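Per-chain residue numbering starts at 1, and chain names A, B, C and D are given in the order in which the chains are listed.
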Amino acid sequence: MPAPGMHSGVATDEALNLSMSASAVPLFEAVCEFIANEVDPITEEFYALGEGRSDRWSFADGQLELLDGVKAKARAAGLWNFFLPDADTGEGLSNLDYAYIAAELGKSPLAPECLNCSAPDTGNMEVLERVGTAEQKERWLKPLLDGRIRSAFAMTEPDVASSDARNVATSAVLDGDEWLINGEKFYISGAGDPRCEIMIVMVRTSPDGPPHQQQSQILVPMNTPGVEIVGAMQVFGQDDAPHGHMHLRFTDVRVPASNMLLGEGRGFEISQLRLGPGRIHHCMRSIGAAEKALELMVRRGLNREAFGRPLARLGKNTEVIAKARIEIESMRLMVLRAARAMDLTGNAEARIWVSAVKAMVPERVCAIIDEAIQVHGAAGISQWTPLAGMYAAQRTLRLADGPDEVHWHVVGRAELTRYENDHSPAVPPAGERGGVFSGP
Amino acid sequence: MPAPGMHSGVATDEALNLSMSASAVPLFEAVCEFIANEVDPITEEFYALGEGRSDRWSFADGQLELLDGVKAKARAAGLWNFFLPDADTGEGLSNLDYAYIAAELGKSPLAPECLNCSAPDTGNMEVLERVGTAEQKERWLKPLLDGRIRSAFAMTEPDVASSDARNVATSAVLDGDEWLINGEKFYISGAGDPRCEIMIVMVRTSPDGPPHQQQSQILVPMNTPGVEIVGAMQVFGQDDAPHGHMHLRFTDVRVPASNMLLGEGRGFEISQLRLGPGRIHHCMRSIGAAEKALELMVRRGLNREAFGRPLARLGKNTEVIAKARIEIESMRLMVLRAARAMDLTGNAEARIWVSAVKAMVPERVCAIIDEAIQVHGAAGISQWTPLAGMYAAQRTLRLADGPDEVHWHVVGRAELTRYENDHSPAVPPAGERGGVFSGP
Amino acid sequence: MPAPGMHSGVATDEALNLSMSASAVPLFEAVCEFIANEVDPITEEFYALGEGRSDRWSFADGQLELLDGVKAKARAAGLWNFFLPDADTGEGLSNLDYAYIAAELGKSPLAPECLNCSAPDTGNMEVLERVGTAEQKERWLKPLLDGRIRSAFAMTEPDVASSDARNVATSAVLDGDEWLINGEKFYISGAGDPRCEIMIVMVRTSPDGPPHQQQSQILVPMNTPGVEIVGAMQVFGQDDAPHGHMHLRFTDVRVPASNMLLGEGRGFEISQLRLGPGRIHHCMRSIGAAEKALELMVRRGLNREAFGRPLARLGKNTEVIAKARIEIESMRLMVLRAARAMDLTGNAEARIWVSAVKAMVPERVCAIIDEAIQVHGAAGISQWTPLAGMYAAQRTLRLADGPDEVHWHVVGRAELTRYENDHSPAVPPAGERGGVFSGP
Amino acid sequence: MPAPGMHSGVATDEALNLSMSASAVPLFEAVCEFIANEVDPITEEFYALGEGRSDRWSFADGQLELLDGVKAKARAAGLWNFFLPDADTGEGLSNLDYAYIAAELGKSPLAPECLNCSAPDTGNMEVLERVGTAEQKERWLKPLLDGRIRSAFAMTEPDVASSDARNVATSAVLDGDEWLINGEKFYISGAGDPRCEIMIVMVRTSPDGPPHQQQSQILVPMNTPGVEIVGAMQVFGQDDAPHGHMHLRFTDVRVPASNMLLGEGRGFEISQLRLGPGRIHHCMRSIGAAEKALELMVRRGLNREAFGRPLARLGKNTEVIAKARIEIESMRLMVLRAARAMDLTGNAEARIWVSAVKAMVPERVCAIIDEAIQVHGAAGISQWTPLAGMYAAQRTLRLADGPDEVHWHVVGRAELTRYENDHSPAVPPAGERGGVFSGP
């Protein structure tokens, strides 16, 4: 029997049927049309309005109106909350179908939010839907599903290697019927948005428990006393205001005991639930980013001449373009394969597939964007193309939700496990050695 | 509408259903069992017998008996001639189903021939089945399908860059009702086998015709007077006798006019037909070779210790293993995708997919085998493991049936073609430039 | 005879004596000390002051006072204008000696200017010193050498591929005794600095002349009417204000005929003169940047733990560190080798060496910084380490002063030229082929 | 003070004077001439004679006569035993001067032996010269220096990971005044040569001693009873007969106590002495191999046409050639730098430099040869060019004398050691964090 996940060379069942379902096709087409007709036309205006604003951590006059207008249209058209499979709300698509749509969303900086499919809200909504109490759902899930508020997820800490989640140091101590939280978090994306009202915070509740049961996840409203925004972390010099990647300090922050999600010591369990989809959603969108970069590279390569030929036909450039296309197609198939595995076997069982795409995709997409930059010359690093911003975003992904190294390790360890108890030597021992491999 | 081939991000139809068909599942399972029970047990003996033979260009006593015994069992079990889709003979599988089986064949040096699925016979049989006359089929296709004789395909020439097929220089001149052939070919694989009776030879028949109609393909029996084996070409120092990669000289070789395949000047047309399947069959088997290399790497890595840990857990080795696994899965999906494209749209339409896998797979499989060698230390380059031979075979593939560069070029050119007539500039021209991408 | 440049395997003369000269040793040591004692202590304060300023394109109160204080000390200590070899002023060092010092300057963002060795002033001063008239020297070179004003070099244009310098489109037409300049330039580094008073501008003066004599270089004071700053170009989202990389428009800009440098149509000649040193100075500083990145990577790797070990000892990290060290040492030697070649044979003769280091160094330094970022986790892309800014700077270098591709081409073409007229075939022709290489 | 080895950015002394000494220049020129006039002309004949021989493990009639004739001329011309610096015999060159000559030797398969500079004799002679007794020198060193006999070095074992030298399992037990040796070794290069008379064997003498004092090195004449050649190990399918890479078994082999080198338990000490020069000699010759591969690549690339252009100007090929040239020059400088370090500080102190070049050079030279193969098409893997054999040799080097991984580890560990006791954090701790790096 093949180990769960990646190791089977054959898939006799449906695991390799990676086609979009018939029912999703009209949705997919509607999304493509909606982005072209509704989102792309407001994108430049949205950011141009933002350029002139006086306070980086608010929206400029007119920005939210623009955005909310498009969101309302999307919702009315049923292009909304695609990300949540098998939800009671009935809205979500299968991971496989969503993968096709998310790749389209990945080509546009505004599209994900316009369709209420943007991180970190999607992961937070999924957690609330799966493990939230009725009260928690009413209070936070509902407005999130409606796109009325936004949210954040506070996990990474500045003073420990957060790649090892057991290092989480922010403490939560039960004090009567309240949790008392102290600690520091950074790179809390979206926490700068004035609409962000709620955070899920990873805390250490049981420092003396077994290593994987010391952590919990807890709901902390942004406006709770003691929650302080220390500053904005930058990404390659940009603060992505007003969304922001905030540096937060928790000083004697008190929340009701009922804000605990799922139960004390079950933080890792929730992470398993959340990080699978979160990671693959990122990778789905990365496919779209890579497609966009390749398109820009080819267009520029055909439209600029040097030394008597279009850049695209000079030196290695045609091969660079070919390699990008091949990389994109192979990443796309891997993402679809992982999404399909999640649909068929559940997030836990499919986690090795998810780690495989998380380890594979952002690094290669960075490389493709980098090549696109090179073909653009100085314009490639400028504000005249989206490439530099796309690079920063994909480069960040190599660190977010587990750095590449953690995911390589997950995949490698699974491979070792297959053979670990099988000590038949790979090379025949002395005395049994022939020369059989002198043949072809 | 997406361009033919690779460019669509969506496949609403069946193009991405990469599952094995239900009817092929029992065949696949039977093949795995057959290799384990019948082929693997004779492999070491087969090559050991060969070690002692006096003439490199014959088989040793007992070798053919051993092989023919297994072939007879395979044929009786219906595990035979899988490679030929939609043939009148009714034997072949779809390219997709065959891809799964071929990957298994690629793990064993003898399995392909045992199931009558070995190159270059498969390509030759496909050509004869598709374009041969009734007489040609009776004379050559039948014994090939029966596994009674073997064949060769003579294309590459020593004195020109054969990557550009228009360079073919071996001439064929019609002299009465015979073609008179003169020229030199090398790396004619299988031409050393005493059972090889027939060759398909690429010749130049119309040096003054349009560039792609100067070449023809013609049947030349090995024993035709004037066909001379000049010597055996080596592959990294090995001659792969008795199969061999022969250097041939054609001196006033005469064959009947009726030996011409399809018609004078249609050599390229036949190549299109043949090379698609030939290339993808190679790549399917390469997946199996990569799986084998990874298995050997992991087993060795777990069974050897240095500096107090198993090699597999030292330094970068776990990551090397993880990357190999991810590469293999992505190559597997790409090969299945290309096979599916051939099934659905035909070889010509799917040629960009075929070039994509031919450009992608052998180079990466070489890299995986090379890593496996490194983990094995000196044993990795020795006759005690199959790795050095596997490396040589995969390295050769990067040159055979079109070097990597030709295939990158096919894929890159297809990408350029999509945008070539669309001169909208990638970067807005002066005067329309905002700063829209200073946003995230 | 070896071709000039790179091709000799032997250097019997002094070409491979890469040691610092005895006379430069005390200067080198003084520079190291000066940076540690004078520059490093003001760096944080200098940038912190800048954070609070109201106008991005000016300095904040106190910033220039801080900087000028250190510059005065440097000048008093004789640590000034090292970059100019064989100058009448007697100040410069040999390229080889300067390479050692420049590597130290490359570790600090402020050090180059503190010692009056910062781009693009160094290149401009070299041009003025080599080809300027007495009057030009008095008016512009003197205050530059004194560090009282700053300068810019305007070459790249937004609407053409500037990698092919023949594409320069900004026109200069002689109108009476004035040149009338029209056109657009972008990424003009330093043109945002309020102290920037003079530009050297590459213009097309003779559109009908031979391809390499159509261009000229001309002095244009920043405050000339018609010179307009259209905006600030960004580098990965940063504008590097107030230095800036400006987008300029020239509308009927008039300068006296005497502002022409060297003579009409001699722009390429000046480029040869300027770009050699400019490029290698960048690469020298890049070595320092790589050293800094490696130091940060190792320190972080030793001071963070995950999964029970310091990051530096997890997985592939020790090897990553080793490879960075080896890359740095080999780049350092190549830069020294190129600098030595310039000293011994002149800039023109050494141009292939210069292209070799320009093609080699920035790409590899980017890779080293990227690895350092990965070891830092999120902090690596943040404002808490210099890594993201260093990455952006080195990535820019792969495009500035000729993109990588141009330099690979220069080196490759030189290699081809060695053999081009020598048509002895690499492989013996048919008939003379033995099997000599079946031996070891 | 910089750590020993690699870490200083400055070399104020002679460490970076990498020029050949004046006295070596005429020797170098004589060697180049000698190879061209005496060695190259016999090379093809020497191997052609070998093709026809009946016994792979002897020389054919005429082979040794040919070789010995050239050796006699070399010795008479003083082109002999260059490898041994500071020897009492007075013959050797400095490591730096020898590096230049060894690169020339590396271009020819016969040249090293013709000048009595071939492995493993050079290492064995160095060991005997440094630590041999007068008697050992008379008996073994003298005929080796005269080129009358050949020798082998037996270290690697088939059943343990020999990358960790502490794993050596072949035992030597003192029995009266004899050592009794039992064990198995493989890949003992040169042990197949009928002229090979003496081996230095690494044995475990003190299994209970401290880990690095358990091993000893001992002289074992090839014809000692109990020394059995089990078979010939292959390298990518080749046995390199009659030199050979033999698999040996030691069964109750007895040698006099006086055959122990330096003293019981001092095997590692001798390894330090031997492996430094051995490794760098390999790398010096690898530079020559890379030069040869590049020359072949360029010549072939200029002399073959496809798609209307010489291969060298198609696609990425010019860049491939440029990168090879840049790699070669940087490797050459690194090898010279390491050789110079050995000359100035001794082998032990320079060991990190030696590991750096051993880790760097063979892997990159493999890559260059691989590119040369690709440009040659099928001829590149054939016996018509030396490329396949060169590839196998360089690939083997990545495993011999310590696999790459061991050497990366040595270099990486040295880098870590520099900072290990310095716990100042790389990123300022919370509370001291500014935003200083938001500047350029």
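Everything that follows uses one rule, which is that a contact is a pair of C-beta atoms (placed from the backbone, for glycine too) under 8 Å apart; a residue touches a chain by one contact, two chains touch by 3 or more.
As the structure is a prediction and not an experimental result, all values here were calculated from the model.
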Chain pair showing more contacts of the two, C-D and A-D: C-D
Chain whose mean Cα position lies farthest from subunit A: D
Averaged-CA centre spacing for the pair subunit D and subunit C, given as whole angstrom: 39
Inter-chain centre distance, subunit A versus subunit D - centres from mean C-alpha coordinates, in Å: 49
Residues of subunit D whose C-beta touches two or more other chains: 158, 234, 237-238, 315-316, 318-319, 379, 382-384, 388-389, 405, 408-409, 435, 438
Footprint of subunit B on subunit D - complex, ascending: 156, 158, 160-164, 167, 186-187, 233-238, 304-307, 311, 314-316, 373-374, 377-384, 388-389, 391-392, 395-396, 398-400, 403-405, 408-409
Subunit A partner contacts - residues on subunit B that touch it in the complex: 6-7, 9-20, 22, 25, 28, 43-44, 46-48, 50-51, 100, 103-104, 109, 238, 240, 243, 287-288, 291, 294-296, 298-303, 312-313, 318-323, 325-326, 329-334, 336-337, 356, 359-360, 376, 379, 382-386, 388-389, 393, 405, 408-413, 415-416, 418-420, 422-428, 433-440
Of all residues in subunit B, those that touch subunit C in their complex: 158-159, 184, 231, 234, 237, 315-316, 318-319, 429-430, 435, 438
